[in-house]
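What follows is a single structure, written as structure tokens, with notes after it.
Labels for the chains are A, B, C, D, E, F, G and H, by order of writing; each one numbers its residues from 1.
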Amino acid sequence: MVNEKTIIAGFGGQGVMLMGQLLSYVATKEDLNTLWFPSYGPETRGGTANCSVTISESNVNSPVISTPDSIIIMNKPSLNKFQSKLKKDGHLLINSSLVKGLDYREDVNVYEVAANDIALELGNLKVANMVMLGAYLEVTKVFTNEQIINIMKEKFTGSKANLIEMNRKALEEGKKAVRS
Amino acid sequence: MNSKVIYEKSKGLSDFHLSYCPGCTHGIIHKLVAETLVDLDLLERTVGISSVGCSALNYDFFSCDMQQAAHGRAPAVATGIKRVRPDNIVFTYQGDGDLASIGIAEAIHAAHRGENITIVFVNNAIYGMTGGQMAPTTLLGQKTTTSQDGRDAASQGLPLRVSEMMAQIPGATYIERVSVHDPKHVNKAKKALKKAFDIQNKKLGFSMIEFISTCPVNWGINPKDSVDWAVDNMIPYYPLGVYKDKTVGEK
Amino acid sequence: MSKVLMKGNEAMALAAIKAGCDAFYGYPITPQNELPEYLSKHMRTHGRAFVQSESEVAAINMVYGAAGAGARVMTSSSSPGIALKQEGITYIAGAELPAVIINVMRGGPGLGGIQPSQADYNQITRGGGNGDYSLYALAPESLQETVDLIKESFEIADYFRNPVMIAVDGLIGQMMEPVDVDREVKKWDLKPKTWAADGNRKDHPKNIINSLYLDPQDLENHNIKLQKKYTEMKENHQRYELINMENAEIAIVAYGSVARIARTAIEILAEKGIKAGIVRPITIFPFPEKAFKELPSSVENLLVAEMSMGQMLQDVKLANECRLPIHFYGRVGGIVPEAEEIAQKVIDIIGGQSHE
Amino acid sequence: MAKGRIIIDLNRCKGCNLCTYYCPVHILKLDETTTNDRGYTPLMVTEPEKCIACAFCATMCPDSVITVERFVKEANNE
Amino acid sequence: MNSKVIYEKSKGLSDFHLSYCPGCTHGIIHKLVAETLVDLDLLERTVGISSVGCSALNYDFFSCDMQQAAHGRAPAVATGIKRVRPDNIVFTYQGDGDLASIGIAEAIHAAHRGENITIVFVNNAIYGMTGGQMAPTTLLGQKTTTSQDGRDAASQGLPLRVSEMMAQIPGATYIERVSVHDPKHVNKAKKALKKAFDIQNKKLGFSMIEFISTCPVNWGINPKDSVDWAVDNMIPYYPLGVYKDKTVGEK
Amino acid sequence: MSKVLMKGNEAMALAAIKAGCDAFYGYPITPQNELPEYLSKHMRTHGRAFVQSESEVAAINMVYGAAGAGARVMTSSSSPGIALKQEGITYIAGAELPAVIINVMRGGPGLGGIQPSQADYNQITRGGGNGDYSLYALAPESLQETVDLIKESFEIADYFRNPVMIAVDGLIGQMMEPVDVDREVKKWDLKPKTWAADGNRKDHPKNIINSLYLDPQDLENHNIKLQKKYTEMKENHQRYELINMENAEIAIVAYGSVARIARTAIEILAEKGIKAGIVRPITIFPFPEKAFKELPSSVENLLVAEMSMGQMLQDVKLANECRLPIHFYGRVGGIVPEAEEIAQKVIDIIGGQSHE
Amino acid sequence: MAKGRIIIDLNRCKGCNLCTYYCPVHILKLDETTTNDRGYTPLMVTEPEKCIACAFCATMCPDSVITVERFVKEANNE
Amino acid sequence: MVNEKTIIAGFGGQGVMLMGQLLSYVATKEDLNTLWFPSYGPETRGGTANCSVTISESNVNSPVISTPDSIIIMNKPSLNKFQSKLKKDGHLLINSSLVKGLDYREDVNVYEVAANDIALELGNLKVANMVMLGAYLEVTKVFTNEQIINIMKEKFTGSKANLIEMNRKALEEGKKAVRS
């Protein structure tokens, strides 16, 4: 039975919210229950942001995730904030381009992905989030890249549509980064 | 060779990092207010009123005493203070949503009563804080989250010109509209602020300086282009200049 | 209809459109901005009215006007904005007009914060305005329920000729869940609005919308009439859900988002072999006193869980009529309690550790 | 020869690029090789020797990042 | 000899006795509004908004549909109605306390949005209903229960000129100030009202007619002397005339 | 000092002056107009500030400003005007500022009427604004008590750094009674207002007056701090009077003008041989729960008498803790109950005729 | 000869004296000998034959007390 | 023991409120307890008005007078409104210049005073209230004319002071009207 609870955290502007929303969109399409919930830091502008995504075959109750199955960490402050919550043997995905020199818990599975670097190689720093998402999908297997891309095709219209190809590559590279 | 500091962070500002987005001209306006209070040696007896908008947190930024006011009510708060502390300097710092929309009554009536306070009015043609909704000063055709096809005269009216309107109030002493789009205008704006605080210090009554300002984030253009957009679009509709000056004998 | 993933604020907006809302008047405030933003775009395409008013005070008085003219009308805001609307709300109640008011609650008092809260319970259920009046107040827990209740709330408002308050918190406003916006909701038996001052004198004699009664006897009579309506609400229109109550040793009383969290809490407790149920008020006015009469005899304790300092406690005490011990767990200021905290509180109570 | 110099309070900088635009001698740019504590790409001076100490950059900086010093020739050269 | 009725109580008025004090010119203004609605054949599709002031009860006096609005909020109520009933005629009837003091924001923003409504603004330089307190329009030196030594510029400011101020609002279409101090001016005032309602009927936007009116009871002088007082004191400070007319091509 | 005959509204105004009130900001509304009128004349001669504000909203925000600057400040209004002040009041409470607010209550809801009423009990005791906050609320019954409590209320407000509400009705505002305005009242132990943002940086470091706490943990802590204050009020600062309680068979619970009427009612009852006492809340927040613990065992019934539809009933039920049967007699809309009506109600109860 | 006449709705009159002031031929005054149902001293016409049917009185009456009729000479005198 | 409860009622403008206030002022001066309470009819302007005055050696409780000892009726509508409340054997004082052709209760003491006519004779309709007050004082003996006049001297300053002589006469005439 699917029952995935994920927290994704980073700076505002890193596309953290979108990552979570895409997961919830796919879940909805697959007729799963899902709940996405955003949270912004107390800074009014340019502060930290995170979202929680639950995907489940049964009803989703608490919108607050106390013990996530996975966490995706896009910047330093977020690691400190969320690492302790991760469930034992959960997945800790780290954007190692920005998060360096910090200690990780030993009772969880850590995946370091140099998402910013990979994204820059792909030609657009903005897709660092998709690199991480690809890695997450590879680790958790909740959905396939294709399911994400299909949703993007539905939601990204106009100028954004051109970015789909780039996103596909980013997802792919993210997958690779944790596969290897 | 020796050196002399010719520009540095004003003592009128605290060490807090400003909470504004990169390149937002709120920051420039803050500097000017702080510098003016320092230059006129008023800081120690000044109370500033933060309003509700992106500048809500500026009670942390100015190094004078500060009160945070409810949305739109800063001029009433200022009145409340000034009437019991007439020898203090009291200013409000208000956005266009705060002053021109929800708080227009309080601004008008502070002017109407001739309250001896100074309003720093930051017109960025949008609600910055709440994510870019239309303001009374949003230009025709300008896209905001509540005018997604551009502001439309038929259903949303024509943009409000606050300084022009307030200049009609017999009780107001000094009203000027300025801009901070280049160093020259920044200095002009500072002169206006000096004049305003000087008027207050001399107990000559109500003053308001309207600043044309930017909101790069909600306008969706970068800081420099934002400044240009303000020059190209806002200033033509909101001409700079002195709208009222009772100190030069005008009625 | 299949479900679509929507943000709470947008789902609420769409629900209003589906309910035939003719007009929306509101002023921006976090955390409900997506609601007016959505309507600013979509009301016009449906030929309906949308005005971003100059203030909350203006918004609620626009609502009064449109409601008096017989339209279905809605406004929404968040806590301090609702505080500003109190005079307008008491006018709407006093003039017996239907209207839907959404409060996406945030932390207070004063400017407070922008994170989720339930600290407006008193403001909503006791009426922050002057005089003896009440709002019919609904507090859904999920987006589906929110959408369904908003749709029905227009019917309820028209039926009672009374404002209906939708009390949600920032969680519901900001979260995304799949919803079916076309689900059928109860249709109430509505009469034509022959009382409306709609400038349509061809159909009816002159109508007046008013809450002024200078003769005290008239005003007393008017109040007695209003009170009958509230009594009718209390007697016949309480709504609530009893969850997992069979053999429960303890009942958690929680509404809105906290009820959802409590659902997770009782799962945690079940794993530990503790049988806990939930009394979930769906109407917070009228408060579902009846629910407490239906509790099984197995229930030995009540735990009120809220995102407030205990504002619902009074209603629970009144409904409980001194039968069961009542305990309290509250988080405030935008802090959302975790299911584990509530579960722990239950464990403490059952272990005899806690007394309110 | 430089008429003065600017001192950049790196961690206050938000990398907004306003100052760079207003520098009349075009010696300011963002240092893409680094980010400051708050995640921004901060300002750097490319050719300090060209600085004319006009303070345009500082005047336009919303975040009071820049201190400007003007070099002064002293009468007795210590 | 036969006879023809050349003046009688307007059908736009109900049979209620007006609640105003003897000789209060509120009554004359009521007649003009009623007559205008009848003359233009608008009565059947008009909704009037009573405000809070001596005219609070006029929902009983006009024979069209009426809504009673909270103090100062009549223009918001009118907006609420007009937006859902765009083909109806909607007017507010507001005193100077109601409009110029507590309700100035709502009046300004109805004009700002260009709401297609008509405001009948009755300026009697005082709060009649509540027993004669100072209004924003109270003249300098005028004694009221809250300016018992006469209104004083230093602490109470200079009287607000509402029409002048509102004329600065780009969204407003028509603004005129009239008086009812003699039959000639009564007829002129009626023409102004006709123009305003005609503009609304043609969907040309926001109109406001400001009436100089009397308050014999709280001014403490008899009705006729009150009319003279208005002519001698109010009209010089509040000159009659058209302050804005967009229908004649002005911007 | 000898007594002078004064109108309630004027006596309240003078009391404020005597208490060292530095500033009054208010907007006219019946039935409290003589209060600002009196102050418009006399504050200036005392070198104090008086502003007739443009609205109630402005008035309460002026109060916020002056209070933040460390002044003693007051405003007054009547029911719908108080509704408009709700946002400002929650700001004052949130920023922990002292202020005195007078509500001369009239009938509601909406514009209602201008005759005496107590229909703002909920608005006053439950907070009409957003968030978890409370006002210290005093409800005097005579002009002497009103004057004394207003004078003390400035002390109380300063002590708690919290707004104090004086809840009177139009009767007290409009009646004339002889009062001694110079009677000594309790002085509270007050600290200098070193927290004030008074633009006096020579004496203290920068001060900030604020109710915004964007970090939820800060806001929760702030709320916990506020709540301690309210708990302190509840535990140690309830005020009430027990009247004629010895051997009383019934206790009439009534505050303000209605308590006076009840005094006459118990005289009428005494003549008929019925022993009735009165529980007179002087604070309506904190509600005097302690009074109910002190009732003699002779008391078999409680009768709540109010000029509202029964808003105080809830507090009485909560305080009574299901001990005694509670009955209710209320008149609303400006109708003042007569002593005979209340006496008759008691007779009916004792004869077993009435159940709430 | 009178050009017309006025009809006074006595109980609506509040005795404010506005009409009397504006009558160009000074034929209006209050009837001090009586009070109407609402306690006011109502209007009366002193010399009806002088009325010129100008309607000034009615125009200025705030309470719509006065109806003004103008006499018309008919072609065929019925 | 003094314990007088009086209701005074008439049109707004007849000076009804002042009559009651004068009684309360004198009572205060005499160190008696007293309570004056006004009430206006629902008409906003020019309607009816009345006030209640209690004068007592003991505390005054209810401000509302259910059963007055005396009522002073200055116009027709007031008679209907208050006559039934008057206590048995109470005093009913009627301004018979305005109140004509109505029935009075038989179980009370009725005093008809043509107050308007008397006042007009004195040269000022405005003192009709003082005529009635004089009659009331004569009937109830609560206070003397002199006590009323003394209070007037304190309270009426400036231009009003000139009216005191006229008021004294009015009080006197009122007294006479019921003495005869």
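Following the convention adopted for this analysis, contacts are C-beta pairs under 8 Å (C-beta built on N, C-alpha and C of every residue); 3 or more make two chains touch, one makes a residue touch a chain.
If you're wondering where the values come from, they're calculated on a predicted model, not measured in any experiment.
Counting hops only between chains that touch, subunit A reaches subunit G in a minimum of 3. Judged by contacting C-beta pairs, the busier of the interfaces B-D and A-C is B-D. Subunit C and subunit E have Cα centroids separated by 40 Å.
Centre-to-centre spacing of subunit D and subunit E amounts to 60 Å, using the average Cα coordinate of each chain.
As a whole-number value, the distance joining the C-alpha centres of subunit C and subunit H reads 55 Å. Measuring from the averaged C-alpha position of subunit E to that of subunit G gives a distance of 27 Å.
Contacts with at least two other chains are made by residues 42-44, 46 of subunit A. Contacts with at least two other chains are made by residues 20-22, 56-57, 68, 70, 101-102, 104-105, 108-109, 112-113, 129, 136, 155-156 of subunit B.
Counting partner chains per residue, subunit G has residues 14, 38 touching two or more of them. Contact residues on subunit E toward subunit B in their complex (touch as defined above): 101-105, 108-109, 112-114, 136, 153-161, 164-165, 167-171. The residues of subunit F lying in touch with subunit B in their complex are 22-23, 25, 49, 51, 53-55, 57-59, 61-69, 71, 73, 87-88, 91, 95, 197-202, 206-212, 214. On the side of subunit B, the complex with subunit D involves touching residues 1-10, 13, 17-18, 20-28, 30-31, 182-183, 186-187, 216, 222-224, 227. The part of subunit B that touches subunit F in the complex is made up of residues 14, 43-47, 49-50, 56-57, 59-60, 63-70, 73, 76-81, 83-85, 88-90, 105-106, 108-109, 112-113.
By the touch criterion given at the top, residues 21, 24-25, 27-28, 31, 33-39, 42, 59-64, 66 of subunit H touch subunit F in their complex.
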